[in-house]
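Read through the structure below, which is laid out as structure tokens, and then see the notes.
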Amino acid sequence: MSTERRTFALLPGLGGLLKGEFHRWLGRRILLHSVVWTLLVTGLLWLVTTTMANIEWRGFDLLIHIWWIALPLGSIAIAQNALIEERQAETLPWVLSKPVSRPAIILSKVISDALGIILPAVILQAIIAWFMLPALEPKAGLPIQEPEFSRYLTVVAVQVVIVVLFVGVAVFAGTIFRNRGPVAALGLGIWMLLWISPGDVFDRLTLGGVVSGELTGESFKPITKYLLFDQALDSASGIYWTLLWSALFTLAAIGVFSREQF
Amino acid sequence: MTDLALQTHELRKHFGSTQVLRSVDLAIPRHSIYGFLGPNGAGKSTTMKTVMGLLRPSGGSIEVFGRDTRRYGPSARAHIGYLPQHPRFHPYRTCRQTLLFVAALYPGHRDRRELRDHADELLDAVGLSDLANRRTHGLSGGESQRLGLAQALIAEPELLILDEPAAALDPEGRHDVLEIIEGLRGRTTVFYSTHILEDVQRVSDRVAMISNGRIVADGPLTDLLSGDDSSWTIRTLGSSEAVQARLSSEPWVSSVDVSRRRDSDVWTVRLAAGAPEEQLLPTILADNQLAIAEFHPSDHTLEDAYLAIVGHNNEH
Amino acid sequence: MNAETTRPAIEVRSLRKKFGRTEVLRSVDLEIPRNSVFGFLGPNGAGKTTTMKILVGLLHANGGSASIMGHDVARDSLQARAAIGYLPQAASYWKHLKVRGVLNFTAQRYLDLPRPQLRQHVDETIELAGLTDLVDRKVAKLSGGERQRLGIAEAWVGRPDVLILDEPSSGLDPEGRHEVLSLLDRLRKDATILYSTHILDDIERIADHIAVIDNGSIVAQGSIDSFLVGSTALYSVGFSGPLFGAVEALQTEAWVDAVEPETDGRVTVAVNDRSHAELELLRSFVASGVSVTDFRPARRSLEDIYLEIVGADDDDG
Amino acid sequence: MTTAEATPLPASARSRSTGLTRGLGGLTRAEARRWLPWRTAGFIVLGLGLLAALYANWLIQPAKTLTELLYPFFGLWFALLILATVAMTQGMVASEISQGTAAWVVSKPVARPAFILSKFAALVPIVVVAMVGIPGLAARWVFSIAESEGQTEFNAGDLVRLLEEPLARNDYMPLMDFDVHLGILALMIFLILVAAAAMVLLGCLLRHATAILVAGLMVPIALVVLANVGLDQQVVSLTPAWAMDSMLDGIAGNPVSVLGPSIVATLWTVGLLGLASWWFNRREL
């Protein structure tokens, strides 16, 4: 009763909210996600590398392709829930009646979901692939190029940026839509847009220049060329810009959410 | 430190063109148990939600322990435990985890084991100890309400705001809730809304009534309950028109109202000032066939006071 | 009347239901006569909602049978549901609908009427439930009491033979409760009403039959009079002045079990025949010359009986 | 409340049908009203937006040939459509169950299969018109501009200039026959129907939204894998992957077979919906 209340926290309640979210991730959930991600990413990598003799991608380049499909879709599938789930269960007014600030709710969702994807889908898979692919070379039929470690780290960092972007987008969409459908559709639309990457200016202001590739008729994305062919990363600025975009989406989410009434 | 736990000043709220709160002035003294009454739609829940920061006020001010909630929203809420009208919880947490989650949202550090014991005590107090490890998904309305009360209490707040804490409960559950509120007397300020006037009469010290977005009565319970006592309630079985007619014709009877309640008639007989009250019973008993199930001075209850005040207010 | 029309509106025979290993309904038997108002009582978690959900086909029983207007709820669920209007405990509707939209949708599910007649029908229901000012309000924006009124209107708009209402008056203010009760009272001539509640006062006011469920079994059932008659009843009499041997006079009466003078100027009289007591108890006092100021049942009868029934059952379990 | 007497009901007012589809018509209309207008508009914007983006891509990077453009155009368009379908239909059943509105609807005298089928029935016209029809015709229009070398009322001088080089090189794929174009569109519709039916089934089986979406996203991926993995053609012909295979053929400029794959896809759709109805029928709410 007599506990002195700290009243000057920067984001009141963020610690408790994060604890709650992490508590939810811990245990069976993170295990399940790790298993599913491993099947989807390195499992598929293993399958293709060892069984499909006539495919031209079979090493780290294929890993990048799989990531580019799995990470945005997975991030959207997971983060679309962040607010919609609470809306549908009508728990937001309850949480908001506690001493928590609204930005803390948005941030706790972005941070916990991003970490919940980055750890099993990026970090874990990067480690598995790093050791698995060279070991698969005898079965693969073709030589597997091994990248420089520092470049590999950069590529992994780009994947983190991708996850943060799509989590930010999905959480933002959750503040303006009331159903999962449009939330997921907005995320998928942005993913497609990056894939199509309609031009230089767009490329420089987004990840487009780093991750697009197919439409130019070349089989390799710029980031694959960076990893395996020692080429420079054309629009590295896109990575920083994309981090900025993620921050902007998160701030927009905070702005919209702060005005909502329950 | 101010002596008021909660104070609102000319609080207003409209949704579009609908004025829900016209001007709500509340002053809830520290450590009081304050009942909040009013018809559905009068603005009780809106007032509470506005205090909790779930709705933005259209005008006026709210202070919790002397602090304006618009500037100090989260830190004001650190002193409040709130039970919404229809409590909902994260379906993936168990009842105990829900309490621990809420406790973690309040500032200040508490020993984990102590907190867990506290959570179990509260679950026991609201009668949910059997469900401590059940997920909140699929709790019945009554169970949710009990858990809602427990989570409002877990951080040991200095002000409890309870929106109809007993609405979904059976008589036993209602009794438990009243007992919990009673047990907080002198330590915590309780501001709660209810429709069950009996409950208010049992535990509140003070009552505010709201109607049409305005506070229409406010004060100690005893003030509201003092009234005239020259009215009698009689419940009879069987035909009684003759007696009623005879009674109505007596000069000292000012009115006889009869309402039918299942198989019996409930009469409300008002006597003129200075009437010979001892005459009433013999006059009625003159009819040999009339069976009388009840005969007593009308309880001047909160319900009467409520209906008088709210009904009066609604006419204007 | 032939046999078909005299059968009970709702018949439930040794209904059982388990969730996992938890037995929620052990054996529920109900017989609800047509055009009765049937109050369903019992503590939270006793099985009221589960029973109702089985009747509406939302849950499947593990044993026993139930029928509505002669239609088995498992085999002929559609016909059974066509005869039921149901108000669940926390009713939720599509959030994009307005009040009229909800009622239109439901009316169309039940009734095969041309549009203008259907509309007239919905309008009547709206008026009956006092929703006229709210027809264009989105469901999500309704207050608790308004939502409850919509729920009852929604259950009734299809003009079903049977209304199954799960706590129709919970969350309502005294006026609203009164309105709901008088609405039910008006519907009783057109429908059979089964409703659950915690508020015993509501039952006393309009129910003609009641059943009490506890721990998944029906522990008492019958017409409300059968509950009130035959049991020992206590009356409390307040007086001013002396008693003039009224106590002794009463003790000789056959319908009096005991007379206990209390310390606070009252006398408690235990009787075994309510109607005798109502006719003669007061007269006996007055005849002895006692000035009676207050005469009332010492305990609220139904609450008393309810607590006795539920309490006794809890002791067994 | 008033004491107004209710108008008595004519005896014929109670509808008596007791079939498995009782209430289907009304539920479908109610469901379609939910899709209109916003969600449908969303789909149209999405479809046309993709078209515009591809078009912009084409304008900005003029060095490409039409062959390189057509294949990704149809491929990406289809990918987007099927993903959008999956995204928009993921909550169709599951969130109604979790929010209790499914229980509300089936407490009325409607057959439970009708509840499931109405979800699907309302979707079909929207898929056909908004997601395939309108963008499909728009695409046809764009391609015919390209082929006629700008000889249309859409006289975009810049476009013609940008296209001159690849056209002059004469290495573009000629505009596909209109019936091939239609065949591709038809196969798209059938594939999307299979995906939507799969989403309905997943919505009945799974509780968690993430699980539904992930499983739903696996459906088109599985179809692509099945169509490409080099299975025996007879096995492929038993699955909707036949339609996928056939559609990819058409996109690549080969003759496209529509009838067989359409029938197989229809059978799968019916089967998935039947399974969903059966499952939902025995589910407790």
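Labels A, B, C and D are assigned to the chains in the order they are written; within every chain, residues are numbered from 1.
Just so it is clear, a residue touches a chain if its C-beta (ideal position, glycine included) is under 8 Å from a C-beta of that chain, and two chains touch if they have at least 3 such contacts.
Remember, it's a predicted structure, so these values are computed and weren't measured experimentally.
Engineer: Return the chains shared as contacts by chain A and chain C, ordered by label.
Structural biologist: Touching chain A and chain C alike, sorted by label: B, D.
Engineer: If you walk from chain to touching chain, how few steps can bring you from chain A to chain D?
Structural biologist: 1
Engineer: Could you quickly compare C-D and B-C and let me know which has more C-beta contacts?
Structural biologist: B-C
Engineer: Determine, using the mean of C-alpha atoms as each chain's centre, which chain is farthest from chain A.
Structural biologist: C
Engineer: Could you tell me the distance, in whole angstrom, between the mean C-alpha positions of chain B and chain D?
Structural biologist: 54
Engineer: On a C-alpha centroid basis, what's the spacing between chain B and chain C, in Å?
Structural biologist: Going by mean C-alpha positions, chain B sits 23 Å from chain C.
Engineer: Rounded to the nearest whole Å, what is the centre-to-centre distance of chain A and chain B, using the mean of the C-alpha atoms as each centre?
Structural biologist: Centre-to-centre distance between chain A and chain B: 49 Å.
Engineer: Where in chain B do residues touch two or more of the other chains?
Structural biologist: Answer for chain B, listing residues that touch two or more other chains: 86.
Engineer: Counting only residues that touch at least two other chains, what does the list for chain D look like?
Structural biologist: 99
Engineer: What are the residues of chain C that contact at least two other chains?
Structural biologist: Residues 90 of chain C touch two or more partner chains.
Engineer: So which chains end up touching which?
Structural biologist: Touching chain pairs, listed by label, are A-B, A-D, B-C, C-D.
Engineer: Spell out the residues on chain A that touch chain B in their complex, using ranges where they run on.
Structural biologist: Touching chain B: residues 1, 3-9, 12-13, 15-17, 19-20, 23-24, 86, 89-91, 93-101, 261-262 of chain A.
Engineer: Please name which positions on chain C make contact with chain B in the complex.
Structural biologist: Per the stated touch rule, the residues are 42-45, 49, 89-90, 141, 143-146, 167, 170-177, 198, 200, 204-206, 224-225, 238, 275, 278-279, 282-283, 286, 291-297, 303, 306-307.
Engineer: For a test of understanding, state which residues of chain D touch chain C in their complex under the given definition.
Structural biologist: Chain D reaches chain C through residues 1-4, 6-7, 9-10, 12-15, 18, 22-23, 26, 30, 34, 99-101, 103-104, 106-111, 282, 284-285.
Engineer: State the interface residues of chain D toward chain A in the complex, per the touch definition above.
Structural biologist: Interface residues on chain D, with respect to chain A: 39, 42, 46, 49-50, 53-54, 56-57, 60-61, 64, 68, 72, 76, 79-80, 83-84, 87-91, 95, 98-99, 209-210, 213-214, 217.
Engineer: Mind pulling up the chain A residues that touch chain D in the complex?
Structural biologist: 36, 73-74, 76-78, 80-81, 84-85, 88-89, 179-182, 184-185, 188-189, 192-193, 195-200, 214-217
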